[in-house]
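After this come two complexes, each holding chain A, first together with chain B and then together with chain C.
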Partner chain A sequence: MKLAIQVNEGPYQHQASDSAYHFAKAALEKGHEVCRVFFYHDGVYNGSRLTTPPQDDRNVVARWVDLAEAYDLDLVLCVAAAQRRGLVDDGEAKRNAKDATNIAPRFRISGLGQLVEAAILADRLVVFGD
Partner chain B sequence: MADLHTVNKSPFEKNSLEAAIRFSLAGSCILLIEDAVYGALRGTRVEEMVKAAMADKKVYALQSDLLARAIKDDRLIEGVGVVDYAGFVDLVETNDKVQAWL
Partner chain C sequence: MPTSKKFMYLNRRAPYGTIYAWESLEVVLIGAAFDQEVSLMFADDGVYQLVKGSDPSEAEMKNFLATYRTLGDYGVRHMFVHQASLEARGLTQADLIEVAWEDLDTEQEVDNIVEVVDTDQAACLIAESEVVFSF
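Up next is the complex of A and B:
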């Protein structure tokens, strides 16, 4: 089965990102394909490279990065949500004249069309949010 | 055509479980995750609604979210299925669509 996953919440305000991560991991371990994880609204905060959670706490961002490394996942931050919240990659820094970037490795910033495409390509779209 | 409906809010906080039950078709599966697992508890004011839904729908609760809230299986409404994340994945696969009641 080919899955697309949508995450609408940031890592620490709500359980959605945790639920989405555990669901994605379980699906991948069962041999299913996750064709895209789309981070929307506050979900884009899952893609900040600059978070430093306490060492004895789960590292939500690093966990997504590790999962993407292991399974070659496509982690996409919604561009409009990212611009509003200050999530920046090289392209966005240039386009909007920002002095820094903060996107985590394995994440990329793209448009809402990527969510629509994932929903079309996947057998199921599973949404996690508040 | 069977659909999976996921609910993630406590029924004592929001009416999304009620809405999911009301709008889902017979044969659907309803999976309670996050705070929605409180809806699987026996002896609450939503117990009758959940039991009535189970006449023609299947109701499940996510094991890790039950454990995180110290809810043991013996406190659940009889007939509520307990699934882990692998079981969640199976429910997504065996149903045609997934509707999240956020």
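Up next is the complex of A and C:
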């Protein structure tokens, strides 16, 4: 089955990103396809490479990056949500004259159309939120 | 791109206090470009999103009530409101805004696409949808 996943909450405060990760990983290991993971609302914080959890805790961001490496996942942060919350890649830094970037590898910033398109292309959209 | 799918946006949160309602609306507006068959469902505190006359200006929040009134122009065909959620909050349809819709090709008009539905109808409508965006 072809799946699209939407993550609506940031890491640590809510378990939504953990659940989405475990769901995506299990689906991929079973041979399903995940055509896109779209991070919306505070979910965009899952894409900050500056996240530094305590060493005895899971690293939510690094887990997404590793999963994307292993399965060539498309991890997309919503641009409007990212701009509001200060998630910046090279393109956004240039466009909005910011002096730094903080996006993790394997993530990209793009528009809400990517969420709608994924919902159309996938057999199922699975939303993880609060 | 495959042919059109039945989209349902399920709104369950109050318009202010959190950003979910506004960012849900942003998906509806952007999604209009994809020409899908779009319905919205308002349940739980989400019914407050359609209450007439709300004014958050003193709280310095953006007032987006007027945007709901334009949704007919954004390809939204139905706006369903869960009756039990309305009643639990002391509201009736008279407290809600009206949203008109017109098919520009056929000139078919609907005065108000806001429709109150009972729990069974709401469950059916959600089950019939091929994509449910939950906010």
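Keep this in mind: the second predicted complex is superposed on the first by the 130 of 130 C-alpha atoms of A that agree within 3 Å, B and C clash if a C-alpha of one lies under 4 Å from a C-alpha of the other, contacts with A are read in each partner's own complex, and residues count from 1 in each chain.
Throughout what follows, contacts are C-beta pairs under 8 Å (C-beta built on N, C-alpha and C of every residue); 3 or more make two chains touch, one makes a residue touch a chain.
As the structure is a prediction and not an experimental result, all values here were calculated from the model.
Enquirer: Return first, second, both or neither, reflecting whether A:Leu112 touches chain B, chain C, both chains, or no partner chain.
Expert: Once the two structures are laid over each other on A, A:Leu112 reaches chain C alone.
Enquirer: Does chain B (first) or chain C (second) touch A:Arg36, or do both, or does neither?
Expert: Neither: A:Arg36 stays clear of chain B and chain C.
Enquirer: Pick one for A:Ala81: touches chain B only (first), chain C only (second), both, or neither.
Expert: second
Enquirer: For A:Val127, select first, second, both or neither according to whether it touches chain B, chain C, the two together, or no partner.
Expert: both
Enquirer: Indicate the residue numbers of chain A shared between its chain B interface and its chain C interface, in ascending order.
Expert: The overlap between the chain B and chain C interfaces on chain A comprises residues 8, 125, 127, 129.
Enquirer: Hey, which residues of chain B end up touching chain A in the complex?
Expert: 6, 8, 33-35, 64, 84-86, 88-89, 92-93, 97-98, 100, 102
Enquirer: In the complex, go through chain A and note every residue touching chain B.
Expert: Listed in rising order, the residues are 1, 3, 8, 15-16, 19, 22-23, 25-27, 29-30, 32, 124-130.
Enquirer: Spell out the part of chain C that touches chain A in their complex, as residue ranges.
Expert: Residues 1-2, 5, 7, 19-20, 23, 26-27, 30-31, 33-34, 36, 131-135.
Enquirer: Give the list of chain A residues in touch with chain C in this complex.
Expert: 6, 8, 40-41, 80-81, 111-113, 115-117, 119-121, 125, 127, 129
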